[in-house]
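First chain written, first letter: the chains are A, B and C, and each begins at residue 1.
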Amino acid sequence: MIGTTGLIFNEPLLWELGAPGREAFSQPTREVPEQPVDPALTGPGPDFPDLSEPEIVRHYTRLSQWNLSVDSGMYPLGSCTMKYNPKTNERQASLAGIAAAHPLLPEAMSQGLLRLLYDLEQWLAEITGLAAVSLQPAAGAQGELTGMLIFYAHHAAQGRPRTKILIPDTAHGTNPASAALCGFTAVPVRSGPQGMLEPQAVADLMDDDTAGIMVTNPNTLGLFEADIRQVAEIVHAKGGLVYADGANMNAVLGVADMAAMGVDVLHLNLHKTFSTPHGGGGPGAGPVCVTAKLAPYLPVPRVVREGGRFAWRSDFPLSVGRLHAFYGNFGILARAYSYILSLGGDLAQVSRLAVLNANYIQAGLKADYHLPHDRPCMHECVFSDKRQLAHKVSALDIAKRLIDYGFHPPTIYFPLVVSGALMIEPTESETKETLDHFIAAMRAIAREAEQNPDLLHQAPHHAKLRRLDEVQAARKPCLMG
Amino acid sequence: MKEISELHFPEDLRYSKDHEWARPEKDLFVVGISDYAQDQLGDIVYVDLPATGSKLKKGADFGSVESVKAVSELFMPIGGEVVAVNTQLGDTPELVNTEPYGNGWMIKVKPDDPGEYQQLMDQKRYLAGLKG
Amino acid sequence: MRYMPHTEADIRAMLGAVGAGRIDDLFAQIPGECRRRRPLNLPPALSEWDLDRHMEHLAGATATAPAHKIFLGAGSYDHHIPETIKQLLRRGEFFTAYTPYQPEVSQGTLQAIYEYQTLVGRLLGMEVANASMYDGASALAEALLMAIRVTKRQRVALSRAVHPHYRQVVETYLRPAGFEIVLLPYGADGRTDLSGLASLADQAELAAVAVQSPNFFGCVEDLKAVAAATHAQAGTLMITAFSEPLAYGLYQAPGRLGADIVCGEGQSLGIPRSFGGPGVGLFACREAQMRSMPGRLVGRTVDLEGRRGFVLTLSTREQHIRRERATSNICTNQGLCALAAAMYMASLGGSGFRQLARLNYDTAAYLKDGLQAAGVQIPFAAPTFNEFVVRLPAGSQSRYQQLLARRIVAGLPLAQYFPELTDHYLLCATETSRKQDLDLLVQEVTR
């Protein structure tokens, strides 16, 4: 068992600490006099607690110790790609010439940064096989919105606005949400019995009023959509476009050519495939890659190379516009840039080992857990709680018990097409020993499900807190102290 | 979640295919969701109901009911004007779980066409539909 | 490569367990036509040491203080960030943690964000704040979409004195669904001109009226008047945006002046500028509209043993449950930046925040007075915080370029955003500006 108890302190809320007049900030020496200010406009200032510096450090240090993190344990979360976050990337992003750079500096004063953006665009184009890139979207969902805006703009430019988008029932929730933000109606496409998109199902739904389709490839079952080119042809034949959610790119680096598959627009998640840290919920980055035909629609401003210099240009009349106040999450882009420079061609090895790791886990768990699609997986494998349900043990119970074994739970209850799904993605960062520990833990839990289900219903037993009352939190929301 | 046999379906009301029920009360109909629906949803945390005075057709969406992890839309089993809304559900949405046919009622409707009540399923047919 | 632990022996053993001869076999399901024709053409991998040199070279080309004197604000502000915050954020338990969907093992993130929500609510004078949006621009766009959802109206009024980039993002978000944006002009004093609002609303009901305070010109809007004019129209929501939240350490919080939604950029709160991102979008509204809010929310609850804990809540608003009917599509937000902002607000405390805000005000006021005394025109009379507009004599562009060559960035030229404002510059001075540099700027600009 990896899981154990340790030095975990209780720690109050900020406003339960401190005392009026304490401070944890070094006020700069005042060199200028006080100036009159209109009292009709002033306010009392915010009601923040006052804490000293040691209190601040202890408070946040203790809080941090309540968190699991990639640095402390494996997160087999399907579709999240919780790989190791390299520390050198943090050093690069905090260099003064990056961290202290003002976005509106004259171009001549930020050439290194513009070059970073330009190079990163080229590399992501090379990695995906697509022609042009925007680094502006601040997260995958914003990348999807950008993609939908490009669809909308393209069809409007053809003089034929369309109202529908086809979305497989295996899709991540951001897909239909992004389509709806753009005014499209999401039309679900049922996956076939193999968990894959069936060209006939797409053909039955594709018409002149459908802007296109949103696919994820490999899909959320960890399977490569082998008929993707046929699906793309069906959509293209009726004048539609193909959007690919690149969340699962970690499976196919150096292997797949998105453009060859018929993809017109793709977003990447730099906080998944390209090692930038998850931060407890962001910041991420969701660059969008498009075919040459759709490049005119990309967000502005765009970085261009003019002779030996880099510049911003906004004179793209067909652009969907601006998505971000400035250029996106540049600090995150700088980390991804460092990652790609650190790996070079070894990026292909990332996918090879990610896929090997996932298949190793799949082989190790098959005997104990129901595998809805028994075939080689890509970078993630999907099991279900079917066998354990016979003992009244659910995916949730399995997940919570894994915590006691020292692992973050896998993704549960997604994709929706598998009832009681357990989606496991180890990534290439994990050693064989860690995977063996994980397999052993899951097998032990399968036995516990048979012999002692209540142990699982009450799990976790060894975390800072036991299961939390989410019903009360939703019935009587208390969102502020 | 319970087995169908453990759930309760009164005979003095009629049911829609979307698991709402309607019960005549003088010239109005009281509307709620069935024991099956509340059991499927789990602990109910919030019920979103229309304003009184809203006029909605049969089959129109009149609100939603939420558990922690799921949302279900609510559909009018009978068209008409919403004349009353169960405000108790604001503070105690759990009434839908504990008394789906009693204090967990949701709206009262003045029907446009009372004949629509007969188009709903009786208890036998609804139960057969659940089992099948 | 040091990020991938597999040895040849590991790979052999694992292939054996999987029942495959080679790793290539595991990719058999990918048809030939979907594959790359040639290997990845990327620069050769750099060692950690060569990467350091390469990045230092790239970053070294950027103009930064103290070698340069940069008087730029306009949505990105130079503020001191305590070393404590930088070090605390480097704890792997914070920055390599995932979104707190499994609350039992994420109480650190959850309590920290609950604290963040509380501090943001107190800063803005509002009842509920979410766990962050991407930035001030998208926060404003989402605020307008929320107003449209809540009021079921199709039209919004937006002040021209809102940051031009924020207005562009608003257009991007609102255009596809066909919502109408009407621009409100700014007046001679630099504030939004509300005189046309009543007749605008007569033509078609407005979902919201949105202003920014301090606005793009640095001017503090008369929020009481904006709220009164807005609420004179039944059901219209008053939205206040901002790009410099430090201003609320001096000026009254918008929530106390009648704002229904307050949203903006929180980069000033302990987050480095980083060439424009990542920052953090602050978003707050009234409790009555809580269920229409976009973004994640952390709530307080108890565990099985009655101990206090925190969870993500009201999740049915969000994309992973509500899918196409969600209040937004946002998933990953700006979690680590929200944490930085909370640490910053907690480090300053109430007293420190007020003191620092006052210092910002006085520093910019000193610069403004110095310029005015030297004969420079200050075209907008409205009160400001730490940025303001100056008008230089015609032909100022060449002087501006000369100053650039001397490593002085004398504000942001406004002509590119407001063609009617040629020879106007937006100058910013914060607590990081030294008196000698302010004196130097006055000298140089008026030479």
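Here is the rule we use: contacts are C-beta pairs under 8 Å (C-beta built on N, C-alpha and C of every residue); 3 or more make two chains touch, one makes a residue touch a chain.
What you see is a predicted model; the values in this text were computed from it and never measured.
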{"item": "Most distant chain from subunit C by Cα centroid", "value": "B"}
{"item": "Chain-chain pair with the highest tally of contacting C-beta pairs", "value": "A-C"}
{"item": "Geometric centre distance via CA averages, subunit B-subunit A, whole Å", "value": "38"}
{"item": "Distance between the centres, which are taken as Cα means, of subunit C and subunit A, whole angstrom", "value": "20"}
{"item": "Subunit B and subunit C, separation of their C-alpha mean positions in angstrom", "value": "44"}
{"item": "Junction residues of subunit C - those touching two or more other chains", "value": "315-316, 321-322, 325"}
{"item": "Touching two or more other chains - residues of subunit A", "value": "470, 474"}
{"item": "Residue numbers of subunit B (touch at least two other chains)", "value": "46, 66, 68-69"}
{"item": "Subunit A residues within the subunit B interface of the complex", "value": "413, 470-471, 474-475"}
{"item": "Contact set on subunit B toward subunit C in their complex", "value": "46, 48, 66, 68-71"}
{"item": "Interfacial residue positions of subunit B with respect to subunit A in the complex", "value": "43, 45-46, 66-69, 93-94"}
{"item": "Residues of subunit C defined as touching subunit B within the complex", "value": "291, 315-316, 321-322, 325"}
